[in-house]
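Submitted below is the structure of interest, expressed as structure tokens.
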């Protein structure tokens, strides 16, 4: 009978907290968005599923051995861990208070040596790292997964339209204002007292405005890992919402006449230009922004493998098997950051709200920059392609095309919009580099 | 001349122990079974080859740096290691005795911190982790490889037949009795004094009866890593022997009339049911058996990716490149556990014997449960599909079909048997969760 | 304004050293050789790109956390690191001198425990391992990547021609004299005082003469990791130069009549022989040269998977997705060893020069051995296939074929040359095993 | 001690087998309920007729509307491979 | 403290946005220069007409001259797959 | 010291080259013996005629009898890809 009770006391139903129930609901919601609403399913299916797994009571899939020992260990184990971490445990207090004080030390970033000691104690007591925790360590904490995905994205990117019309890089630059406006938004919310973000956290939140999943994850894994779950979810959700968020802004900021502007046919771009471009971009990074080197370096590498034509084997694998494998584990790892006690905070609402604002501002700035370029240059630019500068490749470019067709059913803007679209990827990576330079 | 002798003293021929020679023979036998007899070649080829590699004298491919230092180090290195491990080395004894006492401490599970210190000393003295040891650490000790394979298996599983006839889940449940009977068998063998298993080891051995390779490996990597080699070999060998083990039992326990029962055509199952099913199974795991969450979680994840239809890229990779890569390293890692001094024990014979019994009992219980269901329900079930409840997908289902055709050449049971077949996978994972809950 | 200066002081342009500029040029040169001259592009594209990334000033992509802290840390951090490493920092000296003395200790191989302590301090101070450093640790320092590539190469190798004419193994043996002649060359250069190589380094350099990329990388990762960059670059560059280096030597050492020798048609080889061969080779390794077990073991494993015909799934993945993924990271990791301060040494010139000599000597010895065989045997051997014994599969065999066609346009030597060609792979791996046995 | 082991083994067997049955019974009930709800309230207009042949049409549909960036390379590789393959066969 | 945060945020915004513009302006300039140099001094005889359709011909060319060891297996697998696929379709 | 290096190098050269020859000679002997035994006592009825073309038929055979679970997805993907590819070519 004792044994039956053990099963019951160890069951999820007995231990399920309200927060965990809510987060399992959130996970199901993400899956629904992905499967039914087709919101970036390649990422949101693994993220949503990982979110459910991370909130299974007592399973501790997203916790390190030490964190599990803190949550479930006996008084004896807790004392050993406190010793390993140099935490004083007041003898009068309850076990729960002990857990609390050790957990605080672990979460607030004990030094690597102390964390290792705590994990040693926990493993010696029979605890093991959770599965999702291991995925997170290998895929995200090391920084590798977003970079490998960026390499694959580089391989999937065609810089032809950008090279045919380099001025569209300015549109990609302007749209990054969404990033910095969001950063200011987070700072203002903190100043007003509604939220409580540090400057570093504000910067990580801002990158959502870059509309670039891997960049967001990479930056927040460095600057604010504690917010990574919310940032990644916001990032991918809003990228999927681009077809809803952008059109009203695009219509409001442009006249019918501007929307009907027909752009001159793009010139053919030679393979040589395409091969030299990633190398040139890399050299500019080398000279002016070393902190963007991991992101843009891998991006350029992927693109060079694509264009150089002599490593088709490698390029193909990096765009298929490799990126797929990494995406699965990246998604599950992001899901591990959807644990109830960390995700269900008012800050998450702030992040979701700010992310939406970021996209809107980025869209607007891209369009306004296109109108500005029209003022100072003769070759006309349809301002609708400015909105594609937020990146969200290739969704934003398709939106530009679609809104353009509404005004002139023979005016195909897709290829023109691919220029600012990929420029936006470069722009966000540069902005990310600046953030990491100052705050990393 | 000295140098030539160095070569000779370091050669395999000079150092080959009888045990190693036998184990190399066992490795060749496994390869022969895999290549000629087609016994689960995808696993047994890497396992057999890994087994040969693990038994190469002096190469230490399956040993950690510390273990190699213990086997081959000078007196000086041994003293440093003893110091690192807090082992007292009696000064009067021989070098061999020293090696023995240090090796015992290392194998009996020194704490993580001490093991690390011993490895530090060994590496400082020029030893390095063996190749297979590294594969084992990354693939199995972390628990990752069996889980990733289970994800791929989920992607290869079609729950349609199960959903069309959910009662077949009872057959999958009944066949798990093989697991617990084997556990009892191991306990009894110990009680009688013929073998010496702990309860934890008995549980790990029992899981062989689940007829599920990755589940067996996962459970024994947690409960009894020292028996992993024998358990994995038994598990895959007997799965391959299903067409020999099952038919006699099936014929003995059924009448010709029962074997001729024609089952009603399975209803078509909608994609919605197939999408909801893995999520529902996951929620039941969340609520009632968190300890099965890694196994069943990854299984459901793989199946959801397959059925949801929006992440075909990921699903296809998880069923092809990813599962293949992981299988190669999983097999080699299992092979690393076929080292002579650990494998060649009387316990291995016990495990092989018990595994055979487990399959037989599981088969029988599945069939008897089908007969029981026929007593209490109107819709007839051909008892031959009960034997498919041991899992061993899809071999056991094919055996049901084949034996059924013997009695009635127009009675195709294959699809009906797929229901209990996949139910058996779920059943063993549940049993594994219970074992881990109590003993993990 | 301060902030703008921070950007400038942190920029690459401000920090670029001459050495880094040169090495970026070398990286571009390697890319040019790969892309335009088609020099082993699968490896040289990633190596060249990795070389550029490794030399980005201030980015520290190829440095560990501790190395970065040494290069960029404050006095406070340096003091902590010195304490962790047990280095005395003379209080009177400059910060630069401190950096120097700590860096020396780190590079000259502090013990694993001390290195870990130094990394702990660095991480606590906010530094992280560079991306390429992590790739190097996982792919090369662990020894795994070259072995996995060798497994794939085994899968791509057909031993048929070798089995049809086993005498060609002697050609593969003779061509390995290039390895040992190079070793002696490095020793002599040191003796004369022009360079400064240890015997271990000389052995690692010698392996270039094996004309086998993964073998070279594997051996130098064990024997001389500090030379790995130069050795890998030399190895792959010269393999690409085989069509230029070999023909003059081949023509000088043979008469027109010898070059016109028509060889007897190769007998058909049964699948059974092809399956048994890798196992037999493995057993010889087990018995006589355990130190070659990782290399030849994985090679035989890949070949067995290819030939046994029952694990086509695994074999195909090991020859495609897996080898491609590993090649990408292996190449980038090798690139991480092209850092200016380590690569730009007079020793690199020595290595490049010796590598060239190694290829020439190996070629000559293969040809001379073929002529010798003709003296003592009746079945004629065209000496041109001797040059294929250096391996460089399949380039060297094609060169034999091409030079043969010059003398007799109907004499196709390709298949005959594949025998010594794959024999050369085995020969170099055996030589590598001997080196590791004595010096590892 | 030994008898302890025996009794512990028995307990584990009872409990484990019991739990497996309880869990799978629950699964039978919820599955049946789920199927009933879906077939009753959320029927699909064109249910797939047979479960085994289903992988193929789905893959077909899925690949029929991929994002343009995703499939060009795969298509190119396979296309070229098929092309060369046919040539060689002739 | 709070105002510090505000001013730091403003600084970061100005600086970051400024740097993004400076960097991308530089990129526009160097790209234009690079394209001009290549088109002027290193023209290709047969430039590819359209950028999107380009992945395919390149792949074709690339696969048309692989080293024999590299592609036989891939070819065999795809070939066999295609072969079986056709049979099944009939 | 320097002369030590030289003599050690010479030793290593002699020994290494010697061992390579001994090992490969052994390999020649055992290979010949193995081939003789197999051809004499375990002949295959239909030996494959040429070693290079051999990858293909084997792959064919192998894929011709896969377990049904393994290949449907691959087939579906390739099938769909080929299908679309043909359409596009028309």
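The letters A, B, C, D, E and F name the chains in turn, as written, and every chain counts its residues from 1.
Heads up, the rule we're going with is that a contact is a pair of C-beta atoms (placed from the backbone, for glycine too) under 8 Å apart; a residue touches a chain by one contact, two chains touch by 3 or more.
Note that the coordinates shown come from a computational prediction; the quantities given were computed from them, not determined experimentally.
Engineer: How many links in the shortest chain of touching chains run from chain C to chain E?
Structural biologist: The least step count works out to 1.
Engineer: Look at all chain centres (mean of CA atoms) and spot the one farthest from the centre of chain A.
Structural biologist: F
Engineer: Measuring from the mean C-alpha position of chain A to the mean C-alpha position of chain D, what distance in angstrom results?
Structural biologist: The separation of the two C-alpha centroids amounts to 29 Å.
Engineer: Averaging only over C-alpha atoms, locate the centres of chain D and chain E and give their separation in whole Å.
Structural biologist: 35
Engineer: Provide the C-alpha centroid distance between chain C and chain F, rounded to the nearest whole angstrom.
Structural biologist: 22
Engineer: At least two partner chains per residue is the criterion; list those residues in chain B.
Structural biologist: Where chain B meets two or more other chains at a single residue, that happens at 3, 7, 288-289, 309-310, 312-313, 316, 320-321, 434, 438.
Engineer: By residue number and range, which residues of chain D touch two or more other chains?
Structural biologist: Counting only residues that touch two or more other chains, chain D contributes 15, 19, 52, 55, 58-59, 62-63, 68, 70, 73-75, 77-79, 82.
Engineer: Provide the residue numbers of chain B that touch chain F in the complex, in ascending order.
Structural biologist: Touching chain F from chain B are residues 3-4, 7, 155-157, 312, 315-316, 319-320, 393-394.
Engineer: Quick check: in the complex, which residue numbers of chain B touch chain D?
Structural biologist: 158, 160-164, 166-167, 169-170, 172-173, 176-177, 179-181, 183-184, 187-188, 190-191, 198-199, 202-203, 266, 268-273, 276-277, 280-281, 284, 288-289, 309-310, 312-313, 415, 423, 426-427, 430-431, 434-435, 438
Engineer: Applying the document's contact rule, which stretches of chain C touch chain B when the two form their complex?
Structural biologist: Per the stated touch rule, the residues are 111-113, 116, 142-144, 147, 222, 275, 279, 282-283, 285-291, 293-294, 297-298, 301, 304-305, 308-311, 313-314, 316-318, 320-322, 434, 437-438, 440.
Engineer: Under the stated contact criterion, what part of chain E meets chain A in this complex?
Structural biologist: 2-3, 5-6, 8-10, 12-13, 15-17, 19-21, 23-28, 30-32, 34-35, 38-39, 42-44, 47-52, 54-55, 58-59, 61-63, 70
Engineer: Give every residue of chain A touching chain B within the complex, in rising order.
Structural biologist: 3, 6-7, 10-13, 15-16, 24, 28, 31, 34-35, 38, 41-42, 45-46, 49, 52-53, 56-59, 61, 117, 119-120, 123-124, 126, 128-129, 131, 134, 320-321, 324-325, 327-328, 332
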